[in-house]
């Protein structure tokens, strides 16, 4: 191993030597600088590798040949090795990023750059507090010098404010150091920690001054206005250094010095960190400038890391892992994002759509954003998970709430930004700067992020290692994205099939999982099938579609809570990208993501309250949570966001309606079942029979009933076919929730039957309507009409779909209704039951509107030549129809095993539903799907024959051959009765669908925006007020502490 | 009433004043004065209501008479305003902007008499006579009997009498 | 005579100067004055450092004829704070220089040294 | 029992029901006429109308769904008949009620409605669609009190099997649901008014404003099929209410008498009251009858 | 229809705008030529539906005669005489007469008084939309020979030149008793098997159409209104 002191030597030496170069030698100087930076990278990485996998003693460098306290010593332990490696990585790639800039700036800038990194390295390694101060100052000076590369008043004034603030802070630090020396007689950190048992009165003030200065260096909220200005105005390459580099070093300083303060200061750090995390992210909500936004985000993330350090007592042995996860995500993503900002060349976040011109950049951007929020498989996901688990284990519930709140705020602005990048209209005249020297660092960091993800996953305790197969396949799909669509689609379908085949033996005996796995996999294959009709290569579709399916299957496959949550987040991520692909999906996808993120955070919270630090995280833990009431409520609400229960439903209609034709069935027919599956898992854990009489269930039952009513009622008044179906999904998920809330054997059978049916008919309907929409290029039903003649196959599909939806015998929808009645009467929930039934009759209204307005009535001129929907849409539809027919005629094939499963002792031991051949019996009634089908079929054929016999010569007429009071119809448009079809109904019951939920969420949104807008006014831009903030901050912290 | 008439006579050259009954007066004004007069009546004299517009074909004088019947619901007075225009394609100014329903009267007059009302909405569309291609049927030079006989397959065997002579014969056979 | 020791005096003076400097940074509007205030602040820290390293009745930590090498430990004041002060002075000079550079550039850009005028970045 | 015999009896039952439906319609119209001091139609006029419609020579069709609409409609009516036990404790006249219970019948009513709606929809006539939209809208509200009543009696008798419900009402008039659960009966009988399509709930077909609504385009044989269905449906729905609330029937005579009075109830109300608009009838139905229905459940639960 | 999606070809200005051929832009941006008279209406020529022979036809005719469903279409002043017909005093129901609001379900159309050319067009449409067999009762002298409007430029004189008439009821106006008598006459006619006006109309369609087109100048409908 190379002695780490050579890092200083080389960097300092190179700095001095470079001074000899003239302007003409700038090219050589740049190469020399790069080489000089490569050396510390080599050294620190070497040390890092040295420490990996073995418990080697830290290597200590003693300067001046003596031991402390008489000399300064540097230490190279595992922590230092890792951090210097990270910093030098940043230094190396940051240098590449600035390569062209250096040419115009001259040698002095390179020297500053080298000095900065020397400073940062020493800050990490040194164990001497005064030395620390000196190098902090050196690094600051170098950095402020670097800020000057951006000309203009903004950078200048920001740099000056930064300078003043840093000077004041370091003055305080110096005073503190002086007093520490005075009281303890040593400047060596280790030495001080050893003797701080003799804490004196004055010492605590000294420690206070030192630590508060360090905290302020870390830009504690709200005394951080000076840093934000620099983030915003400095060259993005420099901002990246501040955000990732100096912050890293400062964090380690805090970590080194925090033991000074003892336990008290750990708590203080935790509070300060979390306040910073939440506060800064909240103010970020109102921010529109990309670099400043990154500044807010940086401050917030650093706050979170500070808090993690503050929690180090609670986290124990997990500290390093958590810190690693959160830190590396922040480090790589934030540097990468600043670099991307330089490449995009746009200040306004809405203009980042320019990235779309280089899909690779967009991909990297997305990776960074997802990793910042903590989505799998990025390291922060693991970190956040473990952090939350450990905190709950120590009863720090409030802290968890704050962390999740801050994450939510972060999600609000980051996803708005990502959405803009993916979907906002793009200025054609601009293009991102994709010079090689800029692409290399960003790309390298993205790859490092993937590597770090792999590392996190590989070394995370309890990570589900088997599930990496889908992730590799998704990666593979990214790599083959340039191939034609047919290949990718076929591969995707085959992979789903293969996975199902592979999965089958393991869930064979678990009918419940089998049903959901069937929905996810078969549904996935069928909906992907429709993709063959797409033209072009459909870039970026398949990886995310498969990501969603991988998540869905992961849910089924998961045997522990971590795996479940991992899959849940994976699914959310994939589905978000799928949804945002729609033409007008920007806002809707954003809504979807916010609700999903909120839901996911609640689920995480719920899991944390369930597990509460215990090592066992298997799903069975849900049966005995540490905090049952809160855990169940949070989990339930979390799942309900996905099932779009009333109040949480406002994202659904837009997201489902504006998605692409074949994405709508994926997200509606299939994805919603994820929420249902979550509820199943949750309710099962709550215990069957009498044990399951949780008051929460009663509330959920009512919620389900109201959701059914609200969703269906809103569907009735839609003019947009897909929106109608989307609202119908809301209603149907209400039924499912209602049925599951029964917590009886038959109630669950109802719920599962509804789930299967909803999958079958909603996928069918969305595919059929999607095919129609594809042909007629409009969603408005009143613009269509008479399409039965052009699209007879689609018509049949919709007909079967709505008969199933409405629950009309003989099709399988009736099975659900029949079970439902039995369940309601057995349970005694009459009022709710009647409400749900009312909702069911309302479904007729929109069913009729859907099929009539689109397929019947008057044909419009514009659509006289439309063709039948693509055959790739028709085939899956008819496969689904066959499925419906089988399920209708022989429901016992599915229901019998489910019933057997549910009657296991753990669930609902009584078995009220008995099967005798094809007839189902309960103690209330009976029903025989097969006989009904037989009788109705025979009767129908006979009657049809009778009518055919009687009117065999009927003359086929055309659309205007109708009686019109002696007149002729004017135009098809004026004759097609469709727009606002249920106006009287609206007059009678329209008051029920007053958009309360929308207004509520708008209100929440506006409140937080207004709050952020007014709160961020404290960053007045005046350098002096920033100093006042600093002073006031010190005073306030001091007062609180004493 | 009298003052009103005085004002009209003084201001709008009304002549030929004919008091039919209480509160109902007909008079004639020259064509250019019609619109100002009607405007005045509507705006200042309270004649809010256009009861009807009609036309008479004075083929002997080679002119059409157009009659506007206005009503003041407050004073319960009706004014019949007559004016004369030439029969040969001379149009009349439209008053559809004062009363929307005037357009319908004007459309009918255009169809039945061929009197043009430039600017009146839908004035050229058929009103009662869909696809009429002859001269306007209410013009007196149009021989309706001849047209009917030529067009509508008269049932043979119908006896027709001149009402005047026939009734005279019937009622006063001795005269 | 029981006067307070010189070290307390200088420490007190240092703290007063520190506060004065801070007040100056916060209160003065002119950038040059702010920089001067910072210098005051900086100096006050040096004073504080020196005063906390002072030991009564001892001499400067210079080993020469007056103080022999052997009894230096009992006769001189703690040399470390003075060494620290030396370093701090150097750094202070560096920072002040940088500040002045900034002041010059700011003046060139905008023609004013009022710190209130440099508020283009905020929120 | 053998399938052939069963089918034979089912067809016989259908024949009886159809004829009774036609005659009942005639009798009731005769009664109405006499009440308004008219001689009125012949009792057999419905037969003549039916024969007339089946003997119309020319037909025209707007498309496949237009053709299938009446088939669906008649299937709905006949289907309810097929799944309905007619006579108490009679294996012969229980039809195919072994295939499903009350819920099946309640939902099978939608089958015909939906088919009719689609058939009329393909006719392309706006009045059809207007009528259907009104009908469906009103129907949602009509079904709510009925549902509450069904829930109430299902809970009361702890069964959903119609035969079982009838069996439980045997043994004297006071055992009828009418007396054991009067509130449910009231709620259901108000629903019945709506289901029969007489005033005040007949805005669907209101000839004065919306010429007869859905079947505007139907004629000849199609109309004949619809009329056949109407005759069956009126009787069979009365049979349903008879079975649920009025003690069922132990022989055909009892069935005929009871259905007559049950059906007459709707006609009677229809003669007396004016017509609701849709936006009036829905709030009304959702207020008073629903309240009665809820009370009936509360009553049973206590 | 969105106006910018519709283009009218330059020729073809004689028809009313609704019935003109036009080019519409389809969803894929393709041009679609729409000829309303051909695309909206069935252009098939009707065929006579000949009666069956023997007892079946007699039975059917009896049913047709005993169930006369009248289209509620009042053409002239005579329609004021129809409502009393249904009142308790005259009670036409007892003869099997009932009103239907749609021609599809009606078998009788009553031309109740004078027919202007404009109304005639609607009558023809309604009549053709009724199903075979169908019957026409003409009320009042106006339908017989023009009545008091015999020399009007806009009122037809003889209805039987435009649609086949089964029964004329003379009078100006005939009272309800007379109309009842007319109904009975019609019944008798149907039972005798003479109520074949619908087939006559189709057999002589060209003659009827020529007469109709002679006076209906803007014939903007298909030749036969199914």
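In this document, chain identifiers A, B, C, D and E correspond to the written order of the chains, with residue numbering beginning at 1 in each.
Everything that follows uses one rule, which is that a contact is a pair of C-beta atoms (placed from the backbone, for glycine too) under 8 Å apart; a residue touches a chain by one contact, two chains touch by 3 or more.
From a predicted model like this one, the values you see are computed outputs, not experimental measurements.
Colleague: Would you pick out the chains that touch chain C and also touch chain D?
Modeller: Both-contact set = A.
Colleague: Any chains in contact with both chain B and chain C?
Modeller: none
Colleague: Taking mean CA positions as centres, which chain lies farthest from chain D?
Modeller: Farthest from chain D by mean C-alpha position: C.
Colleague: Computing the C-alpha centre of each chain, which chain sits at the greatest distance from chain A?
Modeller: So the farthest one, by centre of C-alpha atoms, is B.
Colleague: Can you tell me which chain is nearest the middle of the complex, judged by mean CA position?
Modeller: Central chain: A.
Colleague: At what distance in angstrom does the C-alpha mean of chain E lie from that of chain B?
Modeller: Chain B and chain E have C-alpha centres separated by 35 Å.
Colleague: Please tell me the distance, in whole Å, between the geometric centres of chain A and chain B computed from their C-alpha atoms.
Modeller: Measuring from centre to centre gives 79 Å for this pair.
Colleague: Once you find the CA centre of chain A and the CA centre of chain C, what distance in Å lies between them?
Modeller: 51
Colleague: Would you kindly tell me how far, in whole Å, the mean C-alpha position of chain D lies from that of chain B?
Modeller: 61
Colleague: Two or more other chains in contact with one residue: find those residues in chain D.
Modeller: Residues 58-60, 216-217, 220 of chain D each touch two or more of the other chains.
Colleague: Do you know which chain B residues sit against two or more other chains?
Modeller: Residues of chain B touching two or more partner chains: there are none.
Colleague: What residues in chain E touch two or more of the other chains?
Modeller: In chain E, residues 42, 46, 102, 104, 121, 226 touch at least two other chains, as defined above.
Colleague: What are all the touching pairs of chains?
Modeller: Applying the touch rule to all chain pairs gives A-C, A-D, A-E, B-E, D-E.
Colleague: Within the complex, which stretch of chain B touches chain E?
Modeller: 126, 128-134, 137, 142, 144-145, 147-149, 151-155, 158, 160
Colleague: Please name which positions on chain A make contact with chain D in the complex.
Modeller: Against chain D, the touching part of chain A is residues 786, 788-789, 792, 795, 799, 802-803, 806-809, 814, 817-818, 821-822, 824-825, 828, 830-831, 833-834, 837-838, 841-842, 844-845, 847-849, 851-852, 856-858, 919, 923-928, 931-932, 935-936, 939-940, 943-944, 946-947, 950-951, 953-957, 959-964, 975-978, 981-982, 984-985, 987-989.
Colleague: Spell out the part of chain E that touches chain D in their complex, as residue ranges.
Modeller: By the definition above, chain E touches chain D via 42, 46, 49, 51, 59-60, 63-64, 66-67, 69, 88, 91, 93-94, 96, 100-102, 104-105, 107, 131-133, 198, 226.
Colleague: For a test of understanding, state which residues of chain C touch chain A in their complex under the given definition.
Modeller: So the residues of chain C in touch with chain A come to 18, 22, 25-27, 29, 31, 34, 38, 41-42, 45, 48-49, 52-53, 80-81, 84, 87-88, 91, 94-95, 98-99, 102-103, 105-106, 109-110, 115-116, 118-123.
Colleague: Hey, which residues of chain E end up touching chain A in the complex?
Modeller: Counting only chain E, the residues touching chain A are 1, 5-6, 18, 22, 24-28, 30, 32, 34, 36, 39-42, 44, 46, 73, 102-104, 121-123, 125-126, 129, 220-221, 225-226.
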